[in-house]
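Both complexes shown next keep chain A, but they swap its partner, so chain B is in the first and chain C is in the second.
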Partner chain A sequence: MTLLAIDKLSVAYGDLFAVREVSFSIDEGIVFVLLGANGAGKTSILRSISGLTPARSGSVMAEGKSIVGFSPHEVARAGISHVPEGRRIFPNLTVEDNLIVSFIPARAPMPAAQALAAVYALFPRLAERRKQAGGTLSGGEQQMLAIGRAMMNFPKLLMLDEPSLGLSPVLADLVFERLAEIKRQGTTILLVEQNATCLELATRGVILANGHVVLAGDRHALQDSDFVRRAYLGV
Partner chain B sequence: MDDLQAALLLALQAILSGILVGGVYGVLSIGLSLAFGVMRIVNFAHGELVMYGMYAGVIASKSFGIDPLFILPVSFVVMALIGSAQYQLVFKHFVGHATLQQLLAAIGCALVLQMIAQIIFGADTRTATSFFSGQYVIFGPFFLSMPQIVAFAVAVVATLLVELLLHTTTWGKAVRAVADDMETAKLVGVNASFINIGAFALSAGLAGLAGSVLVTYFPTYPSVGFSLMPIIIIATTIGGLGSIGGTFLGGICCGIIQQMTAMLWNSALQDVPLYVLLMLFIAFRPTGFFGLRSE
Partner chain C sequence: MEAALPESARGGVAKPSSEADARRRRAFIYGLIAFLLVASLPFLPVNNYIIAAVVRALIFISLGQAWNVVAGIGGLLSLGHGVFLGIGCYTTGILFNQYGIPPWLGVWVGAVLSLLVALVMGSMTLRMRGVFFALATVAASLAMVQISRHFVDLTGGADGLALKFFGNSWWAAQSRTPAPFLYASLAFVTLYYWITRWILNSKLGLEMQAVRDDEVAAAAAGVAVFRTKMLGLLVSAAMTALAAGLYMQFYMAIDPEAAFGLSQAIQLQLPALIGGLGTAWGPIIGGAVMIFLSEVTNWGGTKIGVSGVDILVYGLMLLVVVLYAPKGIVGSVLRNAMKGADR
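== the complex of A and B ==
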């Protein structure tokens, strides 16, 4: 079943079109990757799905219903969680409070304490740091917290904007490994990356350049693409 | 030797009185600090909300014979409602950026509120009487005003309650999340407009409550709020905009410095060192002692 369908989505800042008529759809249970270089329009797409940056035109359907015009908190309450670029944890809230504020009783199949336990099981490191202010965490821990925070919403679709950015390769691997676990537990993932190593995790995806989709396909098609080869060769 | 002892006693007396009045400066200021912390709004009309709280105390005591201390919940609720209206009409449009237009809009609000007060209450200075009015406590060699002690106690309790509300309740945590990063708070499902109006109402309610406490020992007049604003802003800057506990301590610092200046130097110049301190803080520590962490 299609969880999210984007059709001819355009996003513009003034006269500048950051995203032009991008279309793709995401089936339930998969990891969908949006791959592209700096400025390709990846963040703009996620922000317009979340309602932070209104789309100029096009449609966004979640489970067959349009979510265009929804406020960001309504999108979250419709089961779409967004882990923003740069993690953006709440620096003055403790780790636990970062998680608690993201818990929406009406959406959750379990009480807050159990939801917390589930996140701590996913990221044991966060349990050790539960009383610490978010702003004092290391970059890797902040990324775990940002993902854990999104999981407190029991999302149907988890969107992540460059979760490996600024992390060491070891930490980036750890994050991708946790995403694989989240997928195994049944959450659909929309992963935005510049880093092609994330393709190992991908079911399908698109490659974006200058706001256009230049290639759409399954993991192998993407791995064999010029974009990815060039990136690996560093040209 | 005796001179030294006398000077020391006077300094201690100044510190004690300073702590008492400073606590009230603190509670006058925490609402302003909260609105700034959450919405980046500098409500220049905060003092006017205090002023209405003061008049509420005057009316309670002079027209109904009720101690102003008994109407604190009423002042809180009424000013919270007025504050919500002010938010809906004016400040909603400026959430997230303390621009020059925002400042002017707030000053406009302040002037309108002053004018309305002048029409309703007249330009005269009014006082309220509380059960404790005129009472003193003699504590060793020190001499403390009972209304100030009571006002200090109320200020401490109010500040602690606000801290408790912000740190232990779900609503409070959402308010602090919005203060840290409004956009991300929305992304995790927080209805930020709803939080903002609540936080603004709390800010205004605290101003009203503080006014009704203050009026038990300090007279009111239509522009009293405006004359309190410098102290409120200085207390908030020293303590750290957005930090409630910090702002309260900032108020106490202001009280101590002001009383020391008044008793040991010249009461006409009591606020001068505060302005010097304000400039030093702006230059060297703009986030105050307890300013919040930013990302």
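== the complex of A and C ==
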């Protein structure tokens, strides 16, 4: 079943188009990757799905219903969680409060304590730091917190904007490994990355350049494409 | 050390929260002692001047507590809270002087009016960010100065409004001695402390702090940003207007500058800024320290024939705090003493 369908989506800042008529659709239970260099329009697509930047034209359908014009919290309450670029945790709140903020009792299938326990099981490090202010965490821990916070919303679709940015390769691997676990538990993932190693995790995806889709396909098609070879593997 | 020994002898690991519990208990006991001390002042050999100074401090604190809700917890640095102070004062005053309505009722009318004004002010300003919001609230204050000057029949114009004096009267909520105001203002500060605590521990408080820390992330986490800001502003406006009722009964007079002027807007911020933004103890400690210092320096100033030293003290305190202790007294000086305790 299609969870999210994007059709001819355009996003513009003033006269400057960051995304031009991009279309793709995401089936339930997969990891969908938006791959592209800086300025390809990846972040703009995520921001317009989550209502942070209104789309100029085109449609965004979640489970068959249009979510164009939703404000960000309405999108979150519709089951689409956005882990924004640069993590953006709440620095003055404790780790636990960071998590509880996005817990919405009406949406959640379990009480807050159980939801916290589930996130702590996913990221044991966060349990150790429960009472610490979010701002005192390391970059990797903050990324875990940002993902954990999104999971507290029990999303149908988890959107991540460059979760490996600024992390060491070891930590980036850890984050991707946790994303695989989240997918295994049944959450659909939309992953935005510049880093082609994330393709290991992908089911399908598109490659973007200058706001256009240059290639769409499954993992192998993307991995074998000239674009990825040239841009990322240098062969 | 002695307490640590039997703990380890039992082979148990000290619970990490036990020390925080002890601090929490200690903070509560200090608070209780301060409360009892203030409450017993009329029975101690102190003169009415001192009691009146304490009342001034408590009123100052309660207004600071109200501002702290929206600014400290919510991160909206409003310079427009004079609007709610003024509406509270003028409404109780006008209803009493012109219609004979006792302040016990008038203050609630003032609170409702403040809520309405906050609703209008909020819907115009709350979508602005940071400094733009602050500037818009300044504009609201300055507009109110002109408005209150204009309706001379109602407000007394630039001369202001003085309550008709009835001596000691329950009905008029007036007193020749400051002691009744001491208890009223102490009740306000205590109530507002618990309201602040309650907000900090509530989901609303959590959402307000999330919006304060990062608006985009809060929205992405499912927080209705505008609604959260509006709720914070409404609570804070109502608290300010109610405390303003007490202000009016104690000072017996209000004028446009005292209500809506810029210096008042800045003074309303000082207790929380100096004591510690977003904490329940901050405005209490900040307000107490400031009034104490300004009383002492004013007293010293009159000895040597200089007046207005308190304004200088306020300015210096603010400078020192901004430069050396941006988290205020509670967040910096008392940080370790209150670690883990409810701040």
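Simple rule for what comes next: the second predicted complex is superposed on the first by the 232 of 235 C-alpha atoms of A that agree within 3 Å, B and C clash if a C-alpha of one lies under 4 Å from a C-alpha of the other, contacts with A are read in each partner's own complex, and residues count from 1 in each chain.
Rule of thumb we're sticking to: contacts are C-beta pairs under 8 Å (C-beta built on N, C-alpha and C of every residue); 3 or more make two chains touch, one makes a residue touch a chain.
Not measured: the values here are computed from a predicted model.
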Side-by-side fit of chain B and chain C on chain A, or clash: clash
Partner chain in contact with A:Val101 - chain B first, chain C second, else both or neither: both
Touched partner set for A:Lys156, first chain B, second chain C, both or neither: neither
Touching partner for A:Ser71 - first (chain B), second (chain C), both, neither: both
First, second, both or neither for A:Arg88, with chain B first and chain C second: both
Chain B versus chain C as contact partner of A:Ala133, first or second or both or neither: first
First, second, both or neither for A:Lys183, with chain B first and chain C second: neither
Touching both chain B and chain C, residues of chain A: 50, 52, 71-73, 76-77, 81-82, 84, 88-93, 97-98, 100-102, 104, 149-150, 153
Footprint of chain A on chain C - complex, ascending: 203, 206-207, 209-210, 212-214, 216-225, 278
Interfacial residue positions of chain A with respect to chain B in the complex: 50, 52, 71-73, 76-77, 81-82, 84, 86, 88-93, 97-98, 100-102, 104, 107, 133, 135, 149-150, 152-153
Chain B - residues contacting chain A, complex: 170, 173-174, 176-177, 179-181, 183-192, 292-295
Residues of chain A that touch chain C when the two form their complex: 50-52, 71-73, 76-77, 81-84, 88-93, 97-98, 100-102, 104, 146, 149-150, 153
